[in-house]
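Here the chain labels run A, B and C in written order, and each chain numbers its own residues starting at 1.
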Amino acid sequence: MDLALGDIANLVGGQLNGDAAIPISGAAIIRDANAGDITLADKAQLASQLADCRAAAVLVPPDVTPSGVPFVTVSNVHASFAKIVEHFRPHSNTQPYGVSAAAHISPTARIGRDVVVYPTATIGDDVQIGEGCIIHPGVHILAGSKIGNHVTLFPNVVLYENTVIGDRVIIHAGAAIGAYGFGYDTVDGRHKLSAQLGYVSIADDVEIGAGTTIDRGTYGPTSIGEGTKIDNLVMIAHNCRIGRHNLICSQVGIAGSSTTGDYVVMAGQVGLRDHIDIGDRAILGAKAGIMTSVPADTVYVGIPATADREQFQKQAALAKLPDMRKQFKALQRQVAALAEKLNDAA
Amino acid sequence: MDLALGDIANLVGGQLNGDAAIPISGAAIIRDANAGDITLADKAQLASQLADCRAAAVLVPPDVTPSGVPFVTVSNVHASFAKIVEHFRPHSNTQPYGVSAAAHISPTARIGRDVVVYPTATIGDDVQIGEGCIIHPGVHILAGSKIGNHVTLFPNVVLYENTVIGDRVIIHAGAAIGAYGFGYDTVDGRHKLSAQLGYVSIADDVEIGAGTTIDRGTYGPTSIGEGTKIDNLVMIAHNCRIGRHNLICSQVGIAGSSTTGDYVVMAGQVGLRDHIDIGDRAILGAKAGIMTSVPADTVYVGIPATADREQFQKQAALAKLPDMRKQFKALQRQVAALAEKLNDAA
Amino acid sequence: MDLALGDIANLVGGQLNGDAAIPISGAAIIRDANAGDITLADKAQLASQLADCRAAAVLVPPDVTPSGVPFVTVSNVHASFAKIVEHFRPHSNTQPYGVSAAAHISPTARIGRDVVVYPTATIGDDVQIGEGCIIHPGVHILAGSKIGNHVTLFPNVVLYENTVIGDRVIIHAGAAIGAYGFGYDTVDGRHKLSAQLGYVSIADDVEIGAGTTIDRGTYGPTSIGEGTKIDNLVMIAHNCRIGRHNLICSQVGIAGSSTTGDYVVMAGQVGLRDHIDIGDRAILGAKAGIMTSVPADTVYVGIPATADREQFQKQAALAKLPDMRKQFKALQRQVAALAEKLNDAA
């Protein structure tokens, strides 16, 4: 499966700078590249890493000109590198075999054309599934759920009753959509579960990471807006309304009834309290503890979180505090000496 | 399925204030309500939100009197609203079909009356299951586990060997009960797993959220006390003993051998170190990093956590620190000037 | 199943100090021991807890000599106590029955000798599994994965396509290995998923906790080094390279392309940003927010994290800040008074 460097240049429509006959045996990022591999450098800053790299050649965009290594210049370095990787590590041609006889499908479920359902998946009463969906093994879709077209549910995804899913949604392994909300009334010293009559509604083009959990609303939907991407092990509580095109990184937790606007970004391990509203395009820094609503177009960081400028001032002052404390004691002594001197003078 | 507002008042035994003929076509919370819906307002503070809401009517408790919108007054607004929601979105009448032939059940397992076991569930040797339990698809109950009456295990729950579960317990999708504890001895540069002879014991009326993990004890039980409620993606480590009627919110992590009293509350993303004890009715604030035992009836917040009063003083002082730093420099200059003046005078 | 204390001493080859005829009916740690149980005390500091314990006898190492309770002295107290626990709570002798006919295995998969595959597990095209592996129910191994010898996959583990697993690896319930990395390019206001051509590579003797997720690399591997142990609900993002013999505690999150050396320890709920490098033997304290690379042989704590000494100075200064603030105001007043006095004198 070796390829000459000239053939690789042809494969990606790139401009070759170096010996076309060099044999290339694999493709890997700079950190992992071995002798014989082609690698990629998408920024000029990677030059120093390239110098230490054993790769036989490198794929670059037009504004990067490496020295001391053959290179191929292309306009879209990532798309081209993907093509090369796929040459060396081709996708196995798994033949999807339609709806497996070893899946368990309610007679009242309706399944669209070109749907694949793997063995051990279960599909409950009155479930509707659109065209071209892929339902992996161990997926369990409870009664009344409605799924759009070209949706992929990876193994062991669980959809509770009445979940609504749009088109082109991807949900990764083990995500749980629609479990009970964590709402309790304490009566006579015992916690009583609140109503669990709602469901989860997920709009088109949403992607949800492995192990993520989104709880159903109390009376109506917990909803995720179009195009929003959610990473692994994220928790979104009951009654939340997440806006469109959000990016929610791993291990974020959003408490009940909070809402976000569009294009909100939350870095890893952010926590939001309940019943607050995050404005459009707000950015919440890693590990931020958000205790108040956040205005649009702001950056919040810290625990408890504030606007970033305020937080940086605090952190800078805190870093200098041990020093300031020493200076403060010195100043106290100086003032005491002055006071004595003044007393003596009087 | 439309209902006149007067019929809704009758359905919930409420007092109508408005036109009984108004047609109602759905029920939703204030944020989500459309024209034609009935909504609910359980507090007078919601009046301003009601003013912006398109709902055709509102359900209220006796101490709330909205203006400008027809309303129905009831004593228990949440129970009544649930009844209305169920009218508009009735539960599908899934017929539980007993023990599925497509479940995999050991011949030595004993299963009580009126138990439902869905396809693809597996039940190991010597497992005992009480009456009226619901075992969803993809649940795997390993050998020797004992489950009480009226327990619900949602899809893909895993119970490792010898797990003990009380009555009326609910465990949500993907929770893993009884995995190995994270205990290692490092011998000759290699980490060797400690003994894994224990199990997990869960008392009556406990509820456990989706994706939560509770590890087995080293030699005996990791235990969860009666009536305790645990949210999603919580981690409870080996040998912990959690008390009764705790509320443990999402993404909390409790390290090995720690214990809690009764009625402890932990907000989201709290972390507890190992081998500490949390007193009865202690409250641990969101994201708190608990590094010491916590006395009963106290509130701990912060990282590292302290009693809340202490923490608020620190935070208040920190917020004023950038300002204090400026004043401090001014004071240094003033003292230097004074010292010079005094020298000149001498 | 009762045993005389003398028989227990014989069972573990220990030295008895007390009445050999005392009947022992169980074994439990000090906190949980009832009358009739034998317990263990591995450190002299446990003496005070022993005094309050109802155990009939105690197992101790040579350097612990309890008073007022019969004891058995052994060289390895934990191994010996494990033996006693196993006497009272023997492992059920489940007969592994080879490869279940109710598992779903591709005709192109190759499975080694003495492998157990439980019902409802699925194994995809071209998968290779070595000798002596145990594949629990609900495990789904997607096409092209390669698994070494003596590997245990607990229920509902998911391996995505082309996952590579070494020998003696243990993966706990619900872990998801190889889901898509969270990498997006935003084009015309829509987030487009990056290439997902890589896979996850896990070396020998790695152990992975319940619910943990490890995402595939973009073009090549996300890799976990030999002997590394990972706790529950940990997130390791795409392209990370984790070194050998790391200990990664529960709920840690590591963002994309970061690397660790050997023998790194991360306490619970630590977060690492992307593209940083953690040196050999570094220790990252609980909840640390690691925003920069960390040198070898250092301890980092805090949010944002710094070397521990720096952090402790900050925290100590912060704890005294409310007090310092009062003293500062007093000093301001004193200086003002001095200034006035000096003016009057002039």
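What to note about this one:
Everything that follows uses one rule, which is that a contact is a pair of C-beta atoms (placed from the backbone, for glycine too) under 8 Å apart; a residue touches a chain by one contact, two chains touch by 3 or more.
Source: prediction; values computed, not measured.
Taken as a graph of touching chains, this assembly is fully connected, with contact between every pair of chains.
Under half of the residue numbers found at the subunit A and subunit C interface occur in both copies, marking it as a different-residue contact. Rounded to the nearest 5, the angle that brings the Cα atoms of subunit B onto subunit C is 120°. Separating the CA-averaged centres of subunit A and subunit C is a span of 23 Å.
In subunit B, the residues touching two or more other chains are 120, 138, 156, 174, 211, 233, 251, 269, 303, 318, 321, 324, 328, 331, 335, 338, 342, 345. Only residues 27-29, 31-32, 40, 78, 81-82, 85-86, 89, 92, 94, 102, 118-120, 136-138, 154-156, 170, 172-174, 205, 207, 209-211, 227, 229, 231-233, 245, 247, 249-251, 263, 268-269, 286-287, 303, 315, 318-319, 321-322, 324-325, 328, 331-332, 335, 338-339, 342, 345-346 of subunit B touch subunit A when the two sit together in their complex. If you check the complex, the residues on subunit C that touch subunit A are 104, 120, 122, 124-126, 138, 140, 142-144, 156, 158, 160-162, 174, 176, 179-180, 182, 184, 189-191, 193-195, 197, 211, 213, 215, 217-221, 233, 235, 237, 239, 241, 251, 253, 255, 259, 269, 271, 273, 289, 291, 303-304, 313-314, 316-318, 320-321, 324, 327-328, 331, 334-335, 338, 341-342, 345.
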